[in-house]
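Each of the next two complexes has subunit A plus one other chain: subunit B in the first, subunit C in the second.
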Partner chain A sequence: MNRYLEFARIGLREGVVYRANALASVATTVIYLVLMYSVWSAIAAAGTLEGSFSQVISYVALGQVVQNATSVDMENTVGEKVRKGTVVNELKRPVSFQLQMLSYQLGGSLFDTVARGVPAMAIAVVFLGVGSPGVLGGLAFLVSVVLSFALVSLMSYSLAMLTFWTKVGWSLNMMRSTLTGLFSGALFPLYLLPDGVRGLFYLTPFPSLVDAPIRIYQGGLSGSVWGVYGVQVFWILFFAVASRLMWGKARTKLTVQGG
Partner chain B sequence: MEGLDLEIEEGEIIGYIGANGAGKSTTVKMLTGIMEPTSGRIEVNGRNPSEERKANAMDIGVVFGQKTQLWWDLPVRDSFRLLRKIYEVSEEEFDRRMDEFNDVLQLEDFLDTPVRKLSLGQKMRCELAAAFLHEPPIVYLDEPTIGLDVAVKERIREFVKKMNRERDTTVMLTTHDIGDIEDLCERVVVLDEGRKIYDGELDALVDRFTSRRLVLELEGGFELDMEGVLEIEDTEEGYEVVFDREEVSAADLMREVLEVYDVSDFQIREPDIESVVKKIYNEGLHE
Partner chain C sequence: MSALRKHLSVYWDYFKQYWRTRLVYRWDFFLGATGQTVNVFAKLAFLTLIFTQVNSLQGWSFDEMLFLAGFSGLILFTHNVFMFNIYRLGEDYILTGDLDRFLVRPLNPLFQIYSDDVHDNNVPKVIANAALVVYASAQLGLVLSPVQLAYAALSFVSGILVVASVYLAFSSTAFWTGTSKNAIWLIFRLSDFRRYPIGVFAVFVQALLVTAVPLAFASFFPASFLLGRSAYAEWQLVSPLAGPVLFSLSYIFWRKGLSGYSSTGS
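And now, the complex of A and B:
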């Protein structure tokens, strides 16, 4: 355990080194939210918006908070190691490859949560009128964000296993980002979708990433918090098993680049 | 790899050489448990390294010379700290060993410098210290001196020698550097296209595989057609006759030459390891 905490520590230390990155993401978030505000204002002005404008904006803003707090890119981290062959360094150590990578990621994300998630939340509350969910609601939201982080990490790690075949991670990462944007609620509130389509979206793991914590925050759950957690946990277990199986395959595929 | 049969004794330093792509690194990756052989059996300290990768990893130190394990953007100190924790070295032990390593490797001046700002030689010195930090009984060094200047190379060799002498560390060294082999290894294993083609003392290798050279200074042209003469080169120092001493002795050769030519000076060149290694790297050793 102690060993893996060290990897988290390294991840955190590196996050601090790259702190300018966090600043850039906060700036991106601001621009994105200004854009979203304009688009949804226009839709609301045209009178075609179902439900209240403020609920939509609050959803979109919280989506940015969740995404900033759970930003994970294992595809590129692992892909670079595979491509350059430095993955031998992770494998020569007396520690599990998966836990090394995940705890390293956890450290980096801790930094992101503070340096990107917190400013995004401040913007959401101060400028976009996102209201307080109360203490219990806030805690329930945080738990869901933690589950979302576990899910996105395992999802990203599972995809990262494919880099043992593809040798590059950015295309896999791009694919995941696109699917996440579309299905998770990061681009538009899922509750606006017609029932049938929404039902299909909820069959994928993506709503557990963004939509789930937002719904808990907005309290539109009427006591079904446990149900939301349940679905999140189901997908976490699903990807935990998938990543183990894929790692088994990747190990046998392992041909280390560069002699 | 094909039919490789290799046994290394405790406390040995063996040189593992061969051309690029001969299978040196692949062997190291199999011994560390990173790769699994398709057939055959590997045992390191009584363990199968790919089945017990983590247990095996506690007993070994590895330097992959072209693949740094140090964290690029952090001070070296952070990388050492991580290693100390994962190999469960106590803080006092760690300080004592770092002090000892400092004597030869002189790391203390740049322990707080981010790795990206270190020179190649500084990084490699850190890599060496990292591999020996947990005092493993076995160390694999895969091209630990590649691209380094003479002074750093010497420092690294001195360090390896010291560890071997004082801790009886078994070392397997793959290298393209002739000086490393000459300085460190009594035993040499030569690999070619995945097969072992030589395993024995370094001196015997040189003896067995190199042809001798006779350099002649004389006026005018020179030609010689004799059994055992492999090649004649016109060099600045004179004509260089390369011959196979199994087939013709230097004495017979000289007699033949002196009969026909007016030789003003001559010398016989002893074979050196460099030419053996060059030969191995260029064409493999085909007996």
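And now, the complex of A and C:
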């Protein structure tokens, strides 16, 4: 256990060193929210928006909070190790590769959650009038964000296994963030979709990443909370198993390119 | 003219070299191209969703918005294919001292940075946006007069220079800060504003889009002229000139930064 804590500490330290990145991502969040605020105000002014404008804008703002708090990129981390061959250093150690990578990511994300998620939340509350969900609602939201973080980490780690074949993580990471943007609720509120389309979206793992915590935040503590958690946990288990299977294949695939 | 030929021939050599190294990572190339195409559709899905709520946005119809998105996308991503590499100026050229290599060669260093990489993952986006322009024009029954055609060609080239000027100016801050990627990341996000009629935004955002980040000259103004919209007439007229002027300004800024550059020595 202590060994993994050490990896997390390294990840955390690296996050602190590159804190300018966190600052930049707060700035990009502000830019994105300005854009969304402008566009949704124009929509609200022009037509009959389903539900209220404030509901849409707080959904979008909360989406940014969740995304900032759960930003993970293991495709590029692992991809670089595979391409340069330094992955052998991780493999030599008498500890699980997966847990090394995950604890390292956990450390880095811990920093991100505070340095990116908290300012995003402050902006959402102060400027966009996102209301309080109450103490219990807030806790329920936090639990869902933690589940979302576990899910995004395992998804990213599963894709990172593919870098043993592709050698480069960029395209995998880009593919995941594009699909996440489209299906998770990060780009637009899923409740605005026509019923049939929304049903299709909910068959994918992506709404569990962003839409799930937001629904808990906005919906309060109704009976559906456990259902939302259940779907999130299902996908976590799915990707936990998938990544184990892929790791089995990937480790036999490893070719270290001469440096 | 011989200078131009020399640059083109050097560029061609770089270009071939690039593809040789690029295709080593075949899967990354293929997945990247697919992902970028999906990305274009994701953004269209958002636009489609907007128009399930409204019939027009600030008086713009769905097809007109498609045209705006396609035309500005065509400009932006054509720029990105050939000139995106400047975003690495701080991290990959200044901090590493790699910029020295370019300074000792008898070629313009900025040209060398541009030629050092081809952002081929933008090619699918160029194609998708060209298709969007064609589709939207057909839907709108848009027929361009010879004057408008000339305007389209000029404002396309000018637009590329406008985008290049923004990237160059923001990247050049790396001569003082040592980093350019974060600054470019902001521009990346701001370039999403190009898809919407400028009237959607608050006045300070509009001001930003014609001054510090003058992307409106590469999107809204030329597109609205081609669509025959008469508002903002003066801005539409200066759009074909904006690119050369703004790029010259950015180039002066780049030269200023470069003149103060001293190698890291590593």
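In the analysis below, the second predicted complex is superposed on the first by the 254 of 259 C-alpha atoms of A that agree within 3 Å, B and C clash if a C-alpha of one lies under 4 Å from a C-alpha of the other, contacts with A are read in each partner's own complex, and residues count from 1 in each chain.
The working rule: a residue touches a chain if its C-beta (ideal position, glycine included) is under 8 Å from a C-beta of that chain, and two chains touch if they have at least 3 such contacts.
Keep in mind that what you see is a predicted model, and the values were worked out from it rather than measured.
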- Task: Once the structures are superposed on A, label A:35 by its partner contacts, choosing first (subunit B), second (subunit C), both or neither.
- Result: second
- Scan A:13 for contacts with subunit B and subunit C and give back first, second, both or neither. first
- Message: On the A-aligned overlay, A:80 touches which partner chain: subunit B = first, subunit C = second, or both, or neither?
- Response: neither
- Message: For A:172, using the defined touch cut-off, is the partner it touches subunit B, subunit C, both, or neither? Pick first, second, both or neither.
- Response: second
- First (subunit B), second (subunit C), both or neither: which does A:2 touch? first
- Note on the structure: Per residue count on subunit A, the busier partner among subunit B and subunit C is C
- Task: Check subunit A for residues that touch subunit B in one structure and subunit C in the other, and list them.
- Result: none
- Message: Applying the document's contact rule, which stretches of subunit B touch subunit A when the two form their complex?
- Response: 20-21, 24-26, 29, 32-36, 53-55, 57-58, 60, 62, 64, 66-69, 71, 73-74, 78, 81-82, 85-87, 114
- Message: Help me check something: in the complex, which residues belonging to subunit C touch subunit A?
- Response: 25, 27-32, 34-36, 38-39, 42, 45-46, 49-50, 52-58, 121, 179, 182-183, 185-186, 188-190, 192-193, 196, 200-202, 205
- Task: Quick one: which bits of subunit A touch subunit C in the complex? Just the residue numbers, please.
- Result: 20-21, 23-25, 27-28, 31-32, 34-35, 38-39, 41-43, 46-50, 165-168, 170-172, 174-175, 178-179, 181-182, 187-188, 192-194
- Quick one: which bits of subunit A touch subunit B in the complex? Just the residue numbers, please. 2-3, 6-7, 9-10, 13-14, 17-18, 84-86, 88-89, 91-96, 252, 254-256, 258-259
